[in-house]
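See below for the structure under consideration.
Each chain gets a letter, A, B, C and D, in the order it is written, and its residues are counted from 1.
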Amino acid sequence: MDLNTIIQVLDSSIRLSTPLLLACLAGLFSERAGIFDIGLEGKMLIAAFFSAAITFTSGNVWLGLLAGIGASLALSAIHGLASITFRGNQLISGVALNFLASGLTVLIAQNWFKQGGRTPTIPEEQRFQEITLPFADALRDIPLLGPIYSDLLSGHSALAYIAFAMVPLTWWVLFRTRFGLRLRAVGEAPDAVDTAGVSVVGLRFAAVAICGVLCGVAGAYLATSLQAGFVKEMTAGRGYIALAALIFAKWRPWYALIACLLFGFLQAVALRFQNIDLGGIVIPVQAMEALPYILTVVILAGFVGKAIPPRAGGEPYVKER
Amino acid sequence: MDKMPAWADAVLVPLISILLAAGISALVILAIGENPVEAFMIMVKEALSTSRGIGYTLYYATNFIFTGLAVSVAFHARMFNIGGEGQAMMGGLGVALVCLYVPWPHWTLALFGAAAISALFGAAWAYIPAYLQAKRGSHIVITTIMFNFIAFSVLNYILVNVLRPQGSMDPATAKFPEATFLPTFQSMFSTADNVMFRNAPANVTFFVALAACVAVYFLIWRTRLGYEIRAFGHSETGARYAGISPVKITIVSMLISGGLAGMMALNTTMGEAERLVLNATEGAGFIGIAVALMGRSHPFGILLAALLFGFMYQGGSELAFWTNIPQQLIIVIQALVILFTGALDNMVRMPLEKLFLSIRKGDA
Amino acid sequence: MTETAAIELKGVSKAFGPVQANKDISIRVMPGTIHGIIGENGAGKSTLMSILYGFYKADSGEILINGKPTEIPDSQAAIAAGIGMVFQHFKLVQNFSVLENVILGAEDGPMLQPSLRKARGVLKHLAEEYELQVDPDALIEDLSVGHQQRVEILKALYREADILILDEPTGVLTPAEADHLFRILKGLREEGKTIILITHKLREIMEITDTVSVMRRGEMTATVKTSETSPEELAELMVGRKVLLRVDKAPANPGKPVLEVENLHHIDEAGVERLKGISLNVRAGEIVGIAGVSGNGQSELMRVLGGYGHATGSIRVNGEELDLTGKHSDGQSRRARGIGHVPEDRHHEGLILDYSAWENMVFGYHRGPETGSGVLMDNKAIKAEAQAKMDRFDVRPPNPWLSAKNFSGGNQQKIVLAREIERNPDLLLIGQPTRGVDIGAIEFIHQQIVQLRDAGKAILLVSVELDEIMSLSDRIAVMFDGEIMGERLPAETNQTELGLLMAGVTDTNVAQTKEQTNG
Amino acid sequence: DPALIYDLGGKFDKSFNEAAFGGAERWAQETGGTYKDIEIQSEAQREQALRRFAEAGFNPVVTTGFAIAGSIDAVAADYPDTKFVTIDGWVDPDKHSNVVSILFSEHEGSYLVGMMAGMASESNTVGFIGGMDIPLIRKFACGYAQGVVAANPDAKVVSNMTGTTPAAWNDPVKGSELARAQISQGADVIYAAAGGTGIGVLQTAAKENILSIGVDSNQNHMHPGQVLTSMLKRVDVAVFDSMTAGADLETGTVKVFGLAEEGVGYALDENNAPLVSDEMKAAVDAAREQIIAGDLKVHDYSSDDSCPVLKF
């Protein structure tokens, strides 16, 4: 395999990882604060729709991004209301929001654009543009490092760079700031936070809101950066994969990066190397399709130990019954 | 020393929650310019007032009972089995194999055989995640998600390349032999001059599902195994103290869970389609999660929740026949019902509790 | 009274749903004093203190701090008013370091590092001033409960609390740790700080408090000067009847050995050797007490004996060798051998808190023949049994349908004891039987243990309460660092000698005894 | 009135269901008539919908998608006065005289666009991206590959499928990545037969400045000047014709909509005119004539589950 192919596969991995990474970090904030969220999928979906819809109508992709974030935040607010204010079941709330997003996006899309639950194609120049890093063209000819810099690292959209920058930022927020300390504490021992005179409800809502923002960016990335419009169900299960990555990563930012890159890489490999011919026997496409998932299980079973979730995760904080 | 009477908690809270969900749904229907009252009447009329409508409602409910029970059993052992979809798919494969390749003399035997094999296939598909959870601590949520995807691939391969009859465009098996056809409600309940459940897909599997409810009830609340499953679910350290093996309970409860999910295929594959199609599960595995959670993991609650979902499925598709309300609206309504009854129930409960408490104080 | 009270509560009431936890409570606590609060389990002590700390909100009533009416809607307000609280169940983040726990909620700015740096300094200073040494970088989950408690106190001091509330602080402490705590409390009092101390141990009340209040069923029934009262009077005020504060038992009459342990080794999940060759025997009709500072292998020993910890060596019960690692090494087969086990942690091991009392009554025995035949359990019979046992053990309320979590600690303990004792085991393992339990219940529990002994059963008792060990045991073994340091007869030893052994100090005398017992 | 039942993908799948919808709309506009339509959501609803419409007196009942054929087979006898049309499905005409099966020769249409791809390709590598690995998609792929090879014997066909879950038809992101993967393997023309996923393929092809080929309906307009052509499958015509015939519809037959019937073909409009050279057009039209005349036989994958030029 030549360098070029490797770089292309890795390049593809980055694009496939980006939405996973954003959703995964979104889940990380929420779950670190003790609020489980299987509604990542729904938030991404609704954000994808609104970002595409508003980008198309306004012609401004940043407005679209804001709209996507807003829509995602609205679902977050419902999730917060259900699981924080009313101490409801977080799993049910997440499931419900996934349904809600799936139904609403198509309903509204049909109502607005009459194109069968799709948005019209966003003109090329109105999407998020790929950013060429400085000197990318000049450095391309340097052996090895040149292509890596110019073809692999350069040429992604702003949202992708934001996603990757979010990893150290998340780490920094969680482990270097007061907010992060409290956020981690509230997912482990909300009573400790409460008795320390900090509002459990406030912290958890903040975490859920951050989750909403990041899911919003993820959705916008799908619909306005990778693609040029919304197609129904276009998240295609990425929210669930992100959730798996989060557990895989044991709720840690750098591990999340690794997990998402791994998932993205496995998918890229499966897409790039279909129909491998092993001396007459062609590996069926279904086997390649299943490969990322099989490998995930193998890696999980073989190399990643037990994942211990935040101790107070999934449980509403109740002090008086 | 409860804050409000048990009946209020069991009946009043869900009722008000459903009403709230219905209210918001009505607003959504109004927003798209349709008449909510009319829509509701159609749903009730077509899903509940004719035997045929009921036949459809029960058909869908049967699926949800199986997947709901499956999720609940794992839940009692504090495991979140998201793999119902894949397990049901594998159950379907098992059903297809025995129906196609075993010369059954009579449907009763075929039903027993298929029930056993569907449970076996479903359980087998749950076994690896269960084993990995028990022995390696691999998180069951990830592994079952992954196994859903893998099941799709396996089924896709088998249907396209192995079981598909030559020349057929449909990635599906051949029709099963007639001896395996299950009696439908129509054939069971119609009399010579009165046809009941005409052409509705509800079939004898519904009773298997009811039996499964009873069996799960006994399993969880009457048997020693159920006692251990619940104990383990509540406290792993406690279970260790009492000599309950975490490995055993993890695996056994997942096997039961997978088996129940697999048995859903009896209804769709053997009872309705009479052949195995690619998308036989249609997301029922995921609906099962909502059903189990809404039913509070109790078989009776699951039965009710499954009926509610069956009603929404059937009523919803009838809406599409009679009005211009799009299918997606039904999904939105489902979402609202799940949200209000399952996650926002305290919004209703808290004020009710206050009310009851003040009534009681007033009495005292 | 001219002096203003540091804390004054006026007519405080609080109901949890239908339960009236506090009824019209008024109390004055003078500055610079240690004020004790005692009362039965569930009397409402913790609730009252939680209200003072803003954790719960009172339904009615008034709080005055230093004479000023103060609203305390949340803990933030309590902290601002100079109140610090050490809860009965610590409010610590287990996987945080000591430093992180201390600054949580009291950070100086949005960045963590400056706060941590400052706290490290302050902690060092506090540690010197009050003998509160803890490693600031250690994780809470790696600390002993005693150290965890120090962290809780440090948290309060770091917030410059003038009023310190301690809810059952000694419940889980060793005597040495408790003494240490009291030295600290006295030091704080000298500094002019006000301290409220909740405890079930009258000895502690007598030793350290200036005044003491008694609570019963949500009401404040009396407040007296400690110097003007006696343990007996306090006990009576608390329980409403005369309580025997001493264990009343006849001399033991030991028979054949029931439990024989030889050279037992155990390595825990982290790979640390917790038992380093334990040899021990317990005879029929005898209570053997194991004294020791917690964390020296007692818990592991009980677990191994109870069947849920792998070990090497030999355990014989009634002369028969037990399987230590194989198929028959679990709690169920131990129970089948006639071993009962009251675990030290009733919340996480002894009970399933979400199970009803009747379900808990067969916990661990649920596979036995008495719970029904075949795969089904005979729930009706179990319920009837449970009701009978609850009546015999005076579990309150005697309602088998109530979830275990809704019983008070003392009554939870009675449920576990009823389950294990009523099965008439040949050997009963008991860990910390009276932890967090009020004196009325302690009296009852001790009686039951002695009765079982008198019925000719072997009893192995582990407790960190030296008093309890001394008064209940017929023979005392002292554990230190996974080894038995020596055995003593209660009549021939004293707290000082045991204390030395518990600290791992062996003089020649001690060494000799060790020779004897091992040989 | 006629009725129309869409397959699971739904009315707006940007593919053949949408084409069916287009045909029905055209009928409604031209004749002023009304029709009833429904998107089914689950397998059990197929039969339910058929019976519903038959009982309510709709005639003919037009359906799309191969999967409903079994249900028609089951219900047709119960409603002898209703005429059923199955587009893409096959129901035995000897068994049911009130059913007409309409099949399309997708392999022939694909052959033509394959030829165009083969001629347009400069790299001698062309791509095919299918939604899911099912026989129908293989039929597309096989016809396409034959056309490519016929026009350009040196050309290589890279064929990929998107996935195995229902999401495979609605995952434009994956479509994009597959397109990029094929581009990196040298493909400079890509034919997408993958529903909503295809949108991503066309999008990426346009962005990377290679050519793409749309499917089912005319997708040339999606990226003017960058979509080489679209393989037309005139489901709309089939629906329009069936509805127009109304109660007089001829049933009890199997109709094949091939090149001759203009049931399949390639799209040529102002959007792609600059891309299609005269030479290309001539060659393709010649092939078209030959196929219609029976001189050129395009192998149909579904006839024997095999393809001479492509391995699956």
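Operating definition for what follows: a contact is a pair of C-beta atoms (placed from the backbone, for glycine too) under 8 Å apart; a residue touches a chain by one contact, two chains touch by 3 or more.
These numbers were taken from a predicted model, which means no experiment stands behind them.
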item	value
Chain separated most widely from subunit C, comparing mean CA positions	D
Interchain centroid distance [CA atoms averaged], subunit A/subunit B, Å	29
Separation of mean Cα positions, subunit D and subunit C [Å, integer]	75
Centre-of-Cα separation between subunit D and subunit A, whole angstrom	34
Centroid distance [mean C-alpha coordinates] between subunit C and subunit B, Å	46
Set of subunit A residues in contact with two or more other chains	110, 117, 237, 284, 286, 289-290
Per-residue multi-chain contacts in subunit C, two or more chains	17
For subunit B, residues that touch 2 or more chains besides their own	149, 153, 156-157, 326, 330
Contacting chain pairs - touch in the sense defined above	A-B, A-C, A-D, B-C, B-D
In the complex, subunit B residues that touch subunit D	56, 59-60, 149, 152-153, 155-157, 160, 164, 166-172, 175, 199, 201, 268, 272-273, 275, 277-280, 282, 313, 316-317, 320-321, 326-327, 330
Subunit A contact footprint on subunit C (complex, rising order)	16-17, 53-56, 74-79, 85, 87, 91-96, 100-101, 103-107, 109-113, 115, 155
Residues of subunit D that touch subunit A when the two form their complex	10-14, 18, 133, 159-161, 163-165, 167, 170-174, 176-178, 180-181, 184, 196, 199-200, 203, 206-207, 222, 311-312
Footprint of subunit A on subunit B - complex, ascending	32, 80, 82, 128-129, 132, 136-139, 141-143, 145-147, 149-150, 153-154, 156-157, 161, 286, 289-290, 293-294, 326, 328-332, 334-336, 338-339, 342-347, 350
List of subunit D residues in touch with subunit B within their complex	8, 10, 36, 38-45, 47-49, 51-52, 66-67, 69-70, 75, 78, 88-90, 132-136, 139, 164-166, 302-305
